[in-house]
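Letters A, B, C and D name the chains as they come in the text, with residue numbers starting at 1 for each one.
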Amino acid sequence: MTDESSKKPNQSQSTGMNRRAVLAGGTALTASLFMPKNLMAADYPTAEVNTTGLAVTDDTVTIGILHSITGTMAISETGSVQAEKLAIDQINAQGGILGRKIEYIQEDGASDWPTFAEKAKKLLVNDKVASVMGCWTSASRKAVLPVFEQYNGFLYYPTFYEGLEQSPNVIYTGQEATQQIIAGLDWVSETKGAKTFYLLGSDYIWPRTSNKIARKHIENFLGAKVVGEEYYPLGHTQFNSVINKIRLKKPDVIYAIVVGGSNVAFYKQLKAAGIDMTKEDPIVLTISVTEDEIRGIGGENIEGAYACMKYFQSLTNENNMEFVKSFKEMWGDDMVIGDVTQAAYLGPWLWKAAVEKAGSFDVDKVRAATPGIELGTAPEGYVKVHDNHHLWSKTRVGLAKADGQYDVVYETAELVEPDPFPEGYQ
Amino acid sequence: MKTNTLFPRADIIGFAVLAVVIFLLLPAVLDSFRLNLFGKYLTYAFVAVGLALCWGAGGILSLGQGVFFGLGGYCMAMFLKLEASTPENTAIQSTPGIPDFMDWNQLTALPWWWEPFYSLPFTILAVVMVPVVFAFVIGVAMFKRRVGGVYFAIITQAFAAILTILIIGQQGFTGGVNGITDLRTLWGWDIRTDEAKEILYYVNGVLLFAVLFAAQFVRKSKLGRLLIAMRDQEDRVRFSGYDVASFKIFIFCLGAAFAGIGGAMFTLQVGFMSPTLVGIVPSIEMVIFCAVGGRLSILGAVYGALVVNWAKTTFSESFPELWLLGLGGLFIAVVMLFPNGLAGIWSEQIAPRLTKLISKNTNPATGQGAPAE
Amino acid sequence: MNKMNDKFLLRVEGLTVSFDGFKAVNDLSFYVEPNECRVIIGPNGAGKTTVLDLICGRTKATDGSVKFKGQELLEMREDQIVHAGVGRKFQTPSVYEDLTVFENLELSYPKGHGVFGALTFKRDEAVKSRIKEIAATIFLDGMLEEKAAYLSHGQKQWLEIGMLLIQDPELLMLDEPVAGMSVAERKKTAELLNRIIKDRSVIVIEHDMGFVEDIATRVTVLHQGKTLSEGSMERVQNDPKVIEVYLGH
Amino acid sequence: MFADYSMSELGAIFAMQGFAGLILFSVFVLMALGLAIIFGQMGVINMAHGEFMILGAYVTYLVSNFFAAFLPGIFGIYFFIAMGLAFVVSGGLGLFIEWAMIRHLYKRPLDTLLATWGLSLILQQLYRSIFGAREVGVTIPDWMMGSLPLTDLIEVPINGIFVMVLAVGISVAVYVMMFRSGWGKQVRAINQNRVMAGAVGINTEWTDRLTFGIGCGVAGVAGSAFTMIGSTGPTAGQLYIVDTFLVVVFGGAASLLGTIASAFSISQAQSIMEFFLSGSMAKVLTLLTVVGILMLRPQGLFALKLRK
C-alpha cells in the first residue's frame, strides 16, 4: 500500500483496549439496536445529509451492489447478493436510513476484473451511489480500489481475504488472514496435538499469503513442522498426485485452501483415495470451505473435515436463528448460508449504523463515524469496527457433517483483533 | 486501377467517417465516464484490426491474441508500477521501493528483468517488440513447419492458457491473479484524472489511426494481395516463388505488434493489467469482435470492437442475467447469417444502393468497394 | 560442379518415395535435355503426378536425387526451386479466384518476392507491359480486370500457364494441361503450348495421345512407379511391354 | 529430488503415481473421445464440448435426486441409468445442434469454432438459469467412493477403477462402431471423400448428424462419470476445453489410436511431473512440452502420410 490512507494503524490504541469492556458495552447496545429508531426524513433535510451530490432524495437513498452474476465467480458471489438484498429489505421494513428507503442498482462484474472496475466507476460517477456492497475475489477488489479512492466511494467487502491492505474507502466485513488462521492452528495444535502440517492451495494470492502466515505460525509459534506446500492452478481437477504425496509424508494435518471447482474435485478424490476424514488421520483443516461450497462437494464427501472461520450457519444464538429464518423465507428453504454470505449481510447494517451515527450520507462523515461502530445484531454475534476498517470478530472451528452443516466445536473466548499487516508473519 | 492506389475513394470516405465518429461524435455525445469506456473498447480494436489482417486476409486464425495484448499491457504496467512504487510511497513495506505485490511475496530486490522498465523509451519499445519477438518465435516454429488452420488456432489457444497459468503462478514477479494494479502516473502526469483520461482517449484514437493506416498500406501493397492469394491457394503462391512462411510470420508479428499497442493503451486508460485479459476467453472474444465487424475489413474490425463491447456493457446493465444469451446468440447469428459481419452488410446491402443513388455513371467494377472492405 | 558442360538440364536418379510402405515412385531415373519436351504417360496410379510433386518439392522424397543445372532440388524449398527456374502447373487449375487476372499475373511476376519487396513493390510500366504481353499470349488480354473466379475452366488453365510464363522458367512442368477443355479450347491450348515450349524444357503429363504425338520430343511411360519404357513416341508405341500394360489388364 | 525418500517409498511412489497417471489417462480418454470423433472425423471444432459434458453431469444430478426421492432402495445402481440417460440427452442435443447449426458450416471449419463458442455461452447461461449459479452436489453411491488397500502405502480408489473401466469400454465401443460397423465405414468414407460417398448412395446428411450426435453423447457420458471426481457447475465445462483439444490434436486428429496414445503420454508426463514439481509448474511444463512437440511434428503422434 502506498498512500497515506494505508499507513499502518496505531496499534497501541486498540490492543490496549479492555476486551471485556467492549463485550459488555456490546450487549447493552444489542438491545437498543433491536428497537427500530423512528428516524424521520423530515428531521434530516436532504441538503444537510447529502452535501456531495450523492443519489439521495427526500425519501430514498441509492446504493450499489457489485458482484459477479455470470462467469466462474457467480457460484460464490450469489450468496452475497442474496444476503445484501435481504439486509436492505429488512432495513427498509424498519423505516430505512435517516427516514429514507434504500434503493439499489445492481451491476454484474462478470467474473472479470476490468469489468468490475468499469462498473464500479459507473456506480460512483454516473449513479452517484452512496455506498457499494460488493466484490468477492481479491483481484476484483484490487481492480476497483483505485476507483473508490479516486472518486471517494465507500465499499463494503465481505470476503475473508489475505490482508495486507487497508483503504479509507473500504470496510472489510470478512476476516483478514491472521484472524482466520491463527486461532484455528492454535486449536488444532492444542487439542489434537498436531505436529506436522501439509499446506495446499489454489495458486493465487489468498492461499499463498494465508499459507505463508500459517507456515510462520506453525514454525515460529507452535514449534511444529511444515512437511509440504503445494499449489495448483485455479480450476485444476486432478489431485491424485498430491494425495499420493500426502500419503507418503503422513502429515498430522492437511491444511487446505483450495477454491472453486477444484474444491469439489479435491475432496471427492481425497475420499475416494481412502482418506477417511472422520478418522482424523490426517486431520483436514480448511479455511476455504463454507456451507456454500459443501453443496457442490456433497456433505458425505467432506464429513469429518474441520473448517476455521468466523461464522457457521449452525450457530445457535438468537440473532442467527432469526437471520437464517429470514434468509430462507426470502430465498427458499434449500438455501445454505456460509461465512461470506453472513459477512455480506453485515455490510448494509454497518453502513446504516455509521450513517445514523454521522447523521449524514457524506462519505467523509460516514468514514469518520465508522471506527467503533458496533453491531449487536450480527448473526455471528457482536462485532465492532476497528480503526483499521476491519471487524473485531470471534473465530470458530466447525466440524463438517454429512448433511452439509458444521458443528461448532470451538470458538475463541474473545473477539480477535484484525491485524492486516501482521508483524512477524511477513 | 483501383487496387494500386492506397486510398480508393470509398476507403477515404470510410476513414473519414470513422475519424468523425472517434474524434468528434463520441466525445460530443458521451460523458467522460462513457468516453473512457469507449476508449477501452477501442484498445480491443487494435487487436481486431490485426486479426482482420491475419485471419481475414491471411487465413491465419490465432486464438492467442490475448497473449500479445497482455504482453504489451504488462510492459506498460511494469513501467507505471515502478513509477508508482517510489520509496516514499512504499515506505511501510519491508523493502521500500519495489512494487507492493513483490513485497507481499517476500521479494527483497527488484528482479533484473524489471530494471529496464524504469525507462519509458525502453518500455515503449518493449510494448511493441516483446509481442513481436514472441510472435516471431511462435511463427517461425509453426509456419516453417506448415502448421496452419485449426491446428494453429488450437496451439495458440494453448499458449494463452500457458501464459495465464504462468502469470498467476509467478505472483511474486507478476502480481499473480490480481494483476498489476494501482497505477498512477506517467512521468509525473496523473493518468487517473478525467482530463488525463480524455487526453488518453485522443492519444488512443490517433494511435488507432496510425495502425489503421499501416494496415491499409499492407492491404493495398502487393503483400496484401499475396495474403489473399495464400489464403485461397497456398500451394500456388509457393510455386510462384514465394516463401509462404515468411509472409505469414510477418503478418502474424504485425498483428502481435498492433495487439501490444492496444494492450499498453488499455493499461493506461483502465489503470491496471491482469491475467484475465491474457487467457482463452478474452482471446476468443477478440476474434469475435473481428468477426462481427467483418473479418475482411479493417474498419469493420473497429466497429465490431465498439459494437460488441457496447452491447456487452448495455446488455449487462439492463439484463445482467441474460446478457450471455444475447452475446452467444450474436456470435451464432454473425457466423451463420452474416459471415462478413457488419462490413458485409454494408458492402453487400447498403453500399451498392448508396452508390447507385450517388453516382449513376460509376463503373460497377470500381464502385462496389465499400469503405469497410 | 560440371554445371556448365552438363548435357542435361535435369537429372533424376534413383528417385523413390514411399507412403506408409507403399512405393508410389520406385527407383526412378530419367534425364531431360535443354529444350526437350518430355511427355510422361502411364495408367492411373502410375505415379506421374507424384514425380512432378517430387521435382518441385511439394512432396518430400524418401530417397534419390533430382539435380537441376547441377543443384540438388530435393534439399530446396518450393520457392527456392521456383527461383532456380522450375515452374509447375497443377492438374486442376489453381488460380487466385478473389483476385483479377491482372493481379494473378502480377503476383507471379518475378520481382518483389521477399516480405520487404512485396511491401514496396511498384506497379511500373515494365510490369504492366509484361503482363499485357503475357495476357495476349494466353488469349486473356481483354479480361485483365475480371476476377479470376468468373473465368471459364479453360481460361483458368490458360491463366495458370500465363502465371508460369511470366516467371520465364527454364523447366516447365504441366500436369494434364488440356484436361476438361472443349475441343476449341484444346486446339488453342495445343497451339499455345507449341509456341511456349520452343525456348525451354518442358515435362508434360498427358493422356491425349494425339496431343502427345504433336508435342513430344521423347516419351516416358511410367508403370507402378517405375519406368516401363522410354524413347520416341514411335518406339514407345511399339514397345510390347507398354502394349501389355495398356491393353492387357 | 529422490533423496527424501527411501527405496520402498520410491517404489510406492512410482506405483501410485503410475496409477494416478492411469486415472488421469482415463479421464483424458473420456474427455477426448467424443471430440476425436467430431473433430477427427468431421473436422468440426466443437468449442461447446465441455458444455455437452456438463449437460451429462446435470442429467446425473437430476437422476440421482430422482432416485433418492422415489427409489432409494436401488440408489446404488442409479449411476448406470444416469450415464445411459446422459448419453441420450447430450446426444439428442447434439443431433439438434447439428441440424440447426453445424450442417450449414461444414465448408468453414474455423467458423464452427466461433459458432460453437456462442453455443457454449448460451448453454452456460441456460444451466445457470435452470440449476442456479452454484455448483450442485451429485451424491455418488457409497460403493463407488471407497478404495481398495493393496499395501499400507498403496490404495486404489474404486471410482478411479470405474473411470478406467468406463474409458476402456467406451473406447472399445467407439472402435467397434468406427471400424467394424457399416456406419463406421460410411463415416470414414465421408471423411475421405464427401462427394464420392454421396454419389455411391451414402446418406451423408444422416451420417454426419449421427456422428455429431454420438460424439456429443460420449461427451455426456464422460460428464456423467466426472461427477465422481469433479465439480458440476455452469462454467465447469470450460476447465476441460484446452486439455481436450490438445489431447486430440497431439494424437493426430484423424486417429482414434492416436488420441488414446496421446492421452496416455500426456497423462503420464503430467502425473510424474506433478509429483516432483508443484502442480502449477507441472501443468505449464506439460502444456509446453505438448506444444513443443506439436511444433516439431504438427501432424501429431499418429497420422497417415498421405499422397497429396
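In this section, a contact is a pair of C-beta atoms (placed from the backbone, for glycine too) under 8 Å apart; a residue touches a chain by one contact, two chains touch by 3 or more.
Treat the numbers as computed from the prediction; the structure is a model and nothing was measured.
Per-pair tallies of C-beta contacts place A-D first. The central chain of the assembly on a C-alpha centroid basis is B. Among the remaining chains, the Cα-based centre furthest from that of chain B is the centre of C.
Mean C-alpha position of chain B lies 43 Å from that of chain C. Here the spacing of chain A and chain C, counted between their Cα centres, is 75 Å.
Computed centre separation for the pair chain A/chain B is 38 angstrom, with centres defined by C-alpha atoms.
One simple way to say how far apart two chains are is to compare their mean CA positions; for chain C and chain D this gives 47 Å. Within chain A, the positions touching two or more other chains are listed as 69-70, 203, 231, 233. Shared interface positions of chain C, defined as residues touching 2 or more other chains, are 58. Annotation for chain D: residues touching 2 or more other chains are 125, 128, 238, 278, 280, 283.
Residues of chain D that touch chain B in their complex: 39, 43, 45, 47, 101, 104-105, 108-111, 113-115, 117-122, 124-126, 128-129, 238, 241-242, 245-246, 249, 253, 278, 280-281, 283-284, 287-288, 290-291, 294-296, 298. Across the complex, chain A is touched by residues 5, 9, 12-13, 16-17, 19-20, 23-24, 27, 125, 128, 132-140, 142, 145-147, 149, 153, 155, 157-160, 226, 228-236, 238-239, 270-271, 274-275, 278-280, 282-283 of chain D.
Those residues of chain B that touch chain A in the shared complex are 31-33, 36-37, 40, 84-85, 89-90, 92, 94, 100-101, 104-106, 165, 168-169, 171, 176-179, 181-184, 192, 270-272, 274, 276-277, 313, 316-317, 320-321, 323-324.
Within the complex, the chain A residues that touch chain D are 69-72, 74-75, 77-79, 203, 230-233, 235-238, 240-245, 247-248, 260-265, 268-269, 271-274, 292-301, 404. Taken in their complex, chain B has these residues touching chain D: 61, 63, 141-142, 145-147, 149-151, 153-155, 157-159, 161-162, 165-166, 168-169, 280-281, 284, 287-288, 291, 321-322, 324-325, 327-332, 334-336, 339.
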